[in-house]
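Below, chain A partners chain B and then partners chain C, in two separate complexes.
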Partner chain A sequence: MLKKIVAYILYTFISINMAYADTDVLPILSGVGGNFNAVDSDGNMVEFNSYFGNVVVIAFGYTNCADICPFTLGYLKKLYAQLNEEEQEHVKILFVTVDPEYDTPAHLNDFLNYFNKDFIGISGTKEQTDHIVSIYQAQYNELSREGMPTHNIRRINTKLLENDEEEKAKLFSHSVSIYLVDKEGFTRSIEFTGTPKDKFVEKIQQLIKE
Partner chain B sequence: MKLFKLCLVLVLISLSFISNAEIVTENFRVMMAPKIAKNTAGYGVIKNTGSEADTLNSVCSDTVDVMFHKTEIRSGMAKMVHLSDVVIKAGQELVLEAMSYHLMLFDFHSAEFKEGGKITFFLNFKKAGVVKVEASIITTDSS
Partner chain C sequence: MLTRLLIMKTSTLKYVFILLISLVSIEVFSENRIPVKEHPSSLNSMVAQLMGWYGRLLPAERNIFFNQIDKEFKDSLKQYPHDIEHLKIISSQLVNSSKKGLLQFNVTINIKSKKPAGSIWMTIKEQFLFNEKKDGSIVLEKIILKGKLTEEERELSENTNRMYFKSREFAYSWLAYMDGFGSVKKTINLESWIESSVYNVQIGSKQINGSVASSLRQRSVYLHTGQHTLRSIDITQDDESQNTYVLDLTMDWKGFNVKTVPVIAKINQKIKIKINNDGTWYVLFIEEKHLIPDLTPWQNLLC
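Let's turn to the complex of A and B:
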C-alpha cells in the first residue's frame, strides 16, 4: 500500500513538473531595455521600437576589440546559423558599438559583414550610445580613463600615433552580456557566450512562437 | 624592418642563454579578421614540461606586431590587460584562449594574411630561451 502511495506521489510530482516545463515562460526582466534612437550600419536613423515584431539579440562591443568582440560575433554567427530561414526572418542581431566616434555606420557594416550580412550595427552619437548602455544596465569605460596604460597596449603600433584619423581608435572595457528581447521589446533573458548555443536557440525559438 | 631587427637581436641574446628548461607549444592559431580590423588574436597552449618554473618575458614576430594580453571578466565587464613576465610553473600549462590569455596582433594585414597561412612567433623565456611557434591562420568557424 505504502509503495502505491509513494508511486502515486512521484507520478503526480513528475507530471506537474513536465507540465510546468512545457509552459515555462521566460520572465520579463523589468527595468532592462527600452526604446532608443540610433543610426544603423546602413546609415539609417532607427528607433528600437521599429524592430517590434522581431526577436532581438543585442550585444555591446567595438571593432578595435581583438579578443572578446570577434569571439562574441563568432558565437552569434553560429547561433544564427542554427535557426532555419523562416526563424531568421524573425530575428535581428544587433551589435551596439561603445566607440561610435571610430565605428561609423560604414565601418561597422564592413566589420559585421565578415560575420554575417544580416547582422545590424548600431552606432550614433556618444549621447545615444550612453542612453542605450544605460537602459540595458550595461557599462563601458575607456581604458585610459581607468588609469590603464594603453600606450603599453599600442606602443609598438606607431602608425596609430602618427595618423590623426587612426588616433581616434581607443580601447574599452565593456559589458559582455547578450540580451534577448521579445517581439514587444521586453528583455526576457540575459546570456553570455558561455551559454550553450542549443539552449540559447531554444529560447529564441520560444520567443518567436509567442 | 626595425621590428625584424629587434626580433633578431632578442633571438640572438636569448639563444646565448638557452637552458635545459622544456617548453612545448600546441595548437597555436591566429583568427582571421575582417579587412578593416586593426587587431586580431592568437591562441594556443604553452606547456612547461620541465622540472622548474619558467617565465615568459616577451613575444615577437618578424611579420606582425604582437603583444601578450589577458581579457579579464569582472562583474560582467571585459577588460584587457597587458602582461609581461608570466610565470609558468613546472609541469603546468598556460592556455591562451578567447576571453582569457591571448596574443594581440596589430598591423597584420598583408598578402600573406589569409586563411591557411602561417605566422611565426618567438616566445622569449627566461630559462628556455626563445621558442619558435608557427601559428595557422584560421576562421572563427573552425575554432
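Let's turn to the complex of A and C:
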C-alpha cells in the first residue's frame, strides 16, 4: 500500500515538474484583444467568444490591398499547411477587413477562398470594425477620400457586380501585425510575415496543447 | 518513525529517495519559471521615500508636504546647504549593501543654493540604506553623505520644485501599493479615498468599473502577482480648479495572472487629484487603459 502511495505521489510530482519545466510559456499581452461582434464571411453574426477553445490567428487588411494583404494571406496559407489535420481543427484564421463597406461577406469569402477555404473573413459595420481595430490596438487610415476605379487596382479577385457601372473603392493603410490568441481569448504573441514560419507554428502548437 | 523506516523494504526506500530528488528538482524548476526578483516590490517604496526626502529639502511652497520621517534623520537634513533653490537627481543605483539585510541606494544630486555672494552649485554623492522588515515594510536605516564635490555650475533642464518630488513620491507609493505593498497607505492618504473614489479599468474589451478597492480586486485576476515599473510621469493643473491636478502615469507591468500564466502589460493611468487644505492628496478618480506593450518593432507598422 505504502509503495502505491509513494508511486502515486511520485507520478504527480513528476507531472508537475514537467509542466514547470516549460520555461517558454507565452505571456498574455494584457489589453490586446477581447470580445467583439461582427459578421463572418458566410454572412453569419458572430461573437469572438464563440471561438473559445480554438487558437485564433488574426490579421487585418482588405481585399483591394495590393501590398501586404495577399502576402500575409499567402504566409498564413503556408503556416496553416504546416499544421496537421488535428491541429487545424483547433485553429481559426481570421481576416478582419478594414473596408467593410466594400468587402461584403460574399466578396470576402471569394477572396479568402483563393488562399484557404478554412479561413474566416470578418466584416461588419464601420463601428464594429473600429471596435475590433481598437481592442487589438491596431490602426488603419483611409488613404483617399474619393474612391478610385477598381480596374486600376491590382487585385486578387474582382467583385461580382449586378450592373456595369464603374466601380470605385478606397485605399487604406493598416497594421501588418498578426495576432496569436489562445483558447481563452488572450493575445499571447504579435507576429508578422517576417516571423519564421516554423517558429510561428511552434507557438500555435504550444497554445493548442495548453 | 526511524524504526518504521528501518523496517521498510529496500525497494520502498528507493521510492522515497526518488521522491525526495523530485521534490528538490521541482524547487529548482519553480525558480526557473517564476523569476525571483532580488528586491521584490520594495523598489517603488524605496524610490518614493527618496522623492519625499529630496522634496522636503526644497523651499516650502503652498501646502505641499511629504511623508513624515523619523526624528533621527532630521539632523541629516541639516547637513545639506540652506536655501536650496534647485535640486536634481543625476544618478541613482540600487546595489547590494555590504551590511547584511540592508538595501543600498547610491544617489548623486546637483543642488543650487542661495548665498549672500550669489548662488552656488554642488554635486553631492550619498548612500541611503534601507531595511526590509519581515512584514514587507521598508524602513530607512541610515543616510551617509559621501562628501561634497567641487562646486560646478550646471544647466537647469527642468524645474524640480516641491510639486515635482511630491508627484513622484505619490506615484511611486501608489505603484508600491498596487504591487501589494500596504505599508505605503499613509503616504498617499489611501484610507480617505480607496472606498469612495472611482477607478475605471479598460483591458482590451474588458471594462472594470467601481471603487478603487473594488476595481483593484477585480483587476488582480488579470494582474495578480508582479511589479509595476514607472516609465513616464506628468502632472498638469486642471483647468477647472486651482487645487485639482491630473497625474498622468505610464508604467510597465510584468508578472502572473491568477492562473499563474505570465502577463505583460503597458498601462496608462490618469489620476485626478484634489489637494486638500491640509496638504493631503485626495484622489477623485482613476482612469486606466492597457496599451499595447512595447515588444516588437513591427507592431506599429502600417502598410
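Going forward, the second predicted complex is superposed on the first by the 163 of 210 C-alpha atoms of A that agree within 3 Å, B and C clash if a C-alpha of one lies under 4 Å from a C-alpha of the other, contacts with A are read in each partner's own complex, and residues count from 1 in each chain.
Note that a residue touches a chain if its C-beta (ideal position, glycine included) is under 8 Å from a C-beta of that chain, and two chains touch if they have at least 3 such contacts.
Predicted model only: the values in this text are computed from it and were never measured.
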item: First (chain B), second (chain C), both or neither touched by A:95; value: neither
item: Partner chain in contact with A:175 - chain B first, chain C second, else both or neither; value: both
item: First (chain B), second (chain C), both or neither touched by A:143; value: first
item: Touched partner set for A:27, first chain B, second chain C, both or neither; value: second
item: Chain B versus chain C as contact partner of A:135, first or second or both or neither; value: second
item: Chain B versus chain C as contact partner of A:74, first or second or both or neither; value: first
item: Partner chain(s) touched by A:111 [first = chain B, second = chain C, both, neither]; value: first
item: Chain B versus chain C as contact partner of A:64, first or second or both or neither; value: first
item: Touching partner for A:35 - first (chain B), second (chain C), both, neither; value: second
item: Those residues of chain A which chain B touches in one complex and chain C touches in the other; value: 67-68, 139, 141, 173-177
item: Residue numbers on chain A that touch chain C, as the complex places them; value: 2-3, 6-7, 9-10, 13-14, 16-17, 20-23, 25-36, 67-68, 131, 135, 137, 139-141, 173-177, 186-187, 190-192, 194
item: Footprint of chain B on chain A - complex, ascending; value: 63-68, 70-71, 73-74, 77-78, 107, 110-111, 113-115, 139, 141, 143, 146, 148-149, 152-154, 156-157, 159-160, 166, 169, 171, 173-177, 193
item: Chain B - residues contacting chain A, complex; value: 3, 31, 33-41, 65, 67, 69, 71, 73, 76-82, 98-99, 102, 104-107, 140-141, 143
item: Residues of chain C that touch chain A when the two form their complex; value: 8, 11-12, 15-16, 18-19, 22-23, 25-26, 29-30, 32-33, 202-206, 222-223, 253, 257, 261-267, 289-293, 295-296, 298-303
